[in-house]
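I've put the structures underneath this note.
Both complexes shown next keep chain A, but they swap its partner, so chain B is in the first and chain C is in the second.
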Partner chain A sequence: MIEISPIVIFFAAIFTNNMILSNFLGMCSFIAISSEIKTSLSLGQAVTFVLTFTTLLNYLVYHYVLIPLGLEYLRYIVFIIIIAAFVQLIEMIIDRYFPALYYALGIFLPLITVNCAVLGVSLFMVIRNYSLMQSLAFGVGSGIGWTLAIVTMAGIRQKIKSAPIPKGLEGAGITLIITGLMALAFIGFSGIVVIQ
Partner chain B sequence: MAGKSKKIIIQGLWKDNPVFRQILGICSALAVTNLMMNSLVMGLGLMFVTAFSELTVSLIRKWTPKHIRMMVQTLIISAYVIIVDIFLKAYFPTISTALGPYVGLIITNCIIMGRCESFAQNNPPHLSFLDGLASGAGYTIVLLAISFVRELLGFGTLFGINVLGKAWVSWTLMIMPPGAFFMLAIIIWITKNMIPEKSSKEGAKS
Partner chain C sequence: MNTIIMTVAAISAITGFLALLLSVANRTIANYGEKKILINNEKEYIVDGGDSLLSALIENEIFIPSACGGKGSCGYCKVKVTEGGGTILPTELGYVTTEEQKEGIRLSCQCKVKEDLKIEIPEELFNVKQYDYIVEKIEQVTDKIKHLRLKLPKDNEIDFKPGQYIQILSPVYKESDEEVYRAYSIASSATDKNYIELLIGYVPGGKCTTYIHNYLKENDKLTIVGPFGDFFYHNSDREMILVGIGTGMAPILAILRYMRDNNIQRKGTFYFGARTKEDLFLTEEIDEIAKTLKDIEIVYTLSRPTPECNWTGPVGRVNDLLDKKLDDCSNLEAYLCGSPLMIDAVLDVFKKKNFEEQYIFYDKF
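Take a look at the complex of A and B:
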């Protein structure tokens, strides 16, 4: 595998390999939460934050604990425990020291544990054999890409609130169609860079 | 008892179908549906994991402390997912590579967690097992339906066998991400029109 610069991975994770629009990760909360710009921005920030640190932690644990012990097959359990534990820890810390931030992010933090994007980024990192810097860039980029997609979506959904939508398409249906159109638009970026 | 089992099967397959009724677990529903073979394997994998996790959760439900049950459920699910992953790697290495991280992502698939939490916690093991099978089958059917259209229009093939002939011009759009979003939206639209809201609410209550 050729070495890709972390900066390239960072931008690719935002635009061409966007977590939602090309890898379909984090769809559940994407559809449920994306009705208001403000809340989706908070959720996006929380996801970016958690993604950055869990990717880093999972990288360290995978390469310095699991591989030397020959326990690679346990990675699913280990990753999900690290993510859950990290989210709990962060929740306690910001509740104690940054109450203002807790009010903004607090309710979203438990949701993030089951957000497939978080686990997905860690799994992609293992499959694609990223180095430490590459993983970090990938984690931050994916988080920002996810935020970008959910905030844009919330903006569009606020605009179409009063539009006459066919009855069966209300809610999830129309959201999926808009996501499809957004994904089409994002394919326009694919000429810039492609990572596999 | 037979009536109850029948009701569970109908709810899992149709009335409370996890994908188009409850909009759960759609991450993987979208990602693996470009080929029918992948969808079938993914569906069977999920069916296995859901059924056995529900069985296990239901068996130990009386001894699990309430406040750590989420963690216990996650661990049970992960254990079964690892079995599926190792099995696929050993016997179907090509499909395992094609599915990539999505096998591991079965863990965060909300269908399993949702069924464990809402059904297996309060029901005896055999019914939970059946419920897991039915929900998994409902998921598999939707996956196969989406991938049928996507593979047919995108490659002109079904399960890798050429159906539409050489003259068919493939719709590249169908195998790209937007095709998946549009297809799922259409399926949700059709099924929403076929099942009136009222009857689904009655089904959920009973």
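Take a look at the complex of A and C:
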């Protein structure tokens, strides 16, 4: 286990090791839902929520089920199953008992099951040998980082709605170029901390 | 060997546990019990809660128009929910205007039945039914358009107004892994209640049109839901402007056939637009109808005639033609069917000429 403060990991996950901008994970919902600030903020919150809990669950399953049984190599499939089941369950619960929350987050939950950032965080947690606290900080931080990236993107996309974009670049094309530019800016932070 | 057994056991245990958890949750948390839906304050239905309003209604054979099949991407399945249903969801906002929201309009495919509901739907939707037609004839009328004649088996009848449309249920087949509903205008006369005729243009990659054009054969069964639509013939003495572009000619043909069958003599002009001469179709029948309906003038117009067409008639888009021809719009009534682009262009011309809006009927597709 490496000795890095969870607080450092938390901030690193937001700025220097941003899931979207330095790992390019979770791109499809990032491109598809980033046309409006309000909805992208809701999606970001849902991602943060799911990331926090699935990282925690996957940590527990990995360290207390898979390692004792010597089945570490099953983590890919087990993580995916746990994420999918968790999202399903949470959607049902929110839909039934928290109508207001369902209104804000619930409808985005099915989109997140297939978000590769969620699986990515769980796998990084294993590869980088994080402790429970470190994993939790990494999960929450990655969620907030993902939210930051998508909300920023939505803000930029709202601004460029009226800009004269070459026809061939409209929509996903210009979004990917902007993502690249944003990634360059974020890479500038990357020397500040090392978390792996 | 040990590893294999361990792997299988671990995966089975984990998935089994999660599956159990989910099915328990499905039975308890997602089980809303039986709920009542009261429609138009008269008809009451008992449904299993938890489903979308659209599928709950379809289960009770009430067919709300829906082109996307409940994915929340077409915006057709609007109903007025007066009681229950919760607040409008972000997925609906793009399709329901602010005024409609105040009235309680919802997309029935997104609104879930979690409590007793009171809803209002147009009375005519009770008339909408699902029919299994037999394909009697398929004919290629241009290189991209097929003419279908469908027969209702036994003594079944369909009641529709000339100009309305139906939806074809395109089944799962080799090139499509899902069932889709797609809307097509009825081209046959409303007096002919055992048959319908459709004119279907080929759309590259289109799930339903590919099925119709490449897979459907004569004597096959075809499932149809309908009739729908508020675009239909109105009785009046006003002079008619009929515009049909490409397959948009279908509902206009239905109106003309209906007028012929009921011997309705009104003054009017039918503009049938197409790209080239080869894209005009069923012109013989149209000319035949024009002989009976003496006061209807037929104008064929081509937007891009080739030298091979030997075309002497009017050239250009219908909106330009109307712009030149129309003068006094005070006693006119218009029926337009075609692409949104063409209809918007024609509406602009009408607006410029102070055409009264209440007498303009159109169907964009």
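Remarks
Keep in mind that, in the parts below, the second predicted complex is superposed on the first by the 193 of 196 C-alpha atoms of A that agree within 3 Å, B and C clash if a C-alpha of one lies under 4 Å from a C-alpha of the other, contacts with A are read in each partner's own complex, and residues count from 1 in each chain.
Basically, contacts are C-beta pairs under 8 Å (C-beta built on N, C-alpha and C of every residue); 3 or more make two chains touch, one makes a residue touch a chain.
The model shown is predicted, which means the values in this text are computed figures rather than measured ones.
Shared-chain residue A:Ile82: touches chain C; no touch with chain B. When the two structures are aligned on the shared chain, A:Ser42 is found in touch with chain C, with no touch to chain B. By the touch criterion defined above, A:Ala172 reaches chain B but does not reach chain C. In the superposed model, A:Ile93 lies in contact with chain C only, and not with chain B. When the shared chain is aligned, chain B and chain C each come close enough to touch A:Leu74. By the touch criterion defined above, A:Asn23 lies against chain B but remains apart from chain C after alignment on the C-alpha atoms of chain A. More residues of chain A lie in contact with B than with the other chain of the pair chain B and chain C.
Looking at chain A, you'll find residues 74, 77, 81 touch chain B in one structure and chain C in the other.
Those residues of chain C that touch chain A in the complex are listed here as 3, 6-7, 10-11, 14-15, 18-19, 21-22, 25-26, 29-30, 86-87, 89-91, 112.
Interface residues of chain A facing chain C in the complex, by the touch rule stated above, are 39, 42, 61, 65-66, 69-71, 74, 77-78, 81-82, 85, 88-89, 92-93, 95-96, 99, 103, 107. Residues 21-28, 31, 73-77, 80-81, 84, 114-116, 119-120, 123-124, 127, 166-169, 172-174, 176-177, 179-181, 183-184, 187 of chain A are the ones touching chain B in the complex.
Residues of chain B touching chain A in their complex: 23-28, 30-31, 71, 74-75, 78-79, 81-82, 85-86, 100-101, 104-105, 107-110, 113, 176-182, 184-185, 188-190, 192-193.
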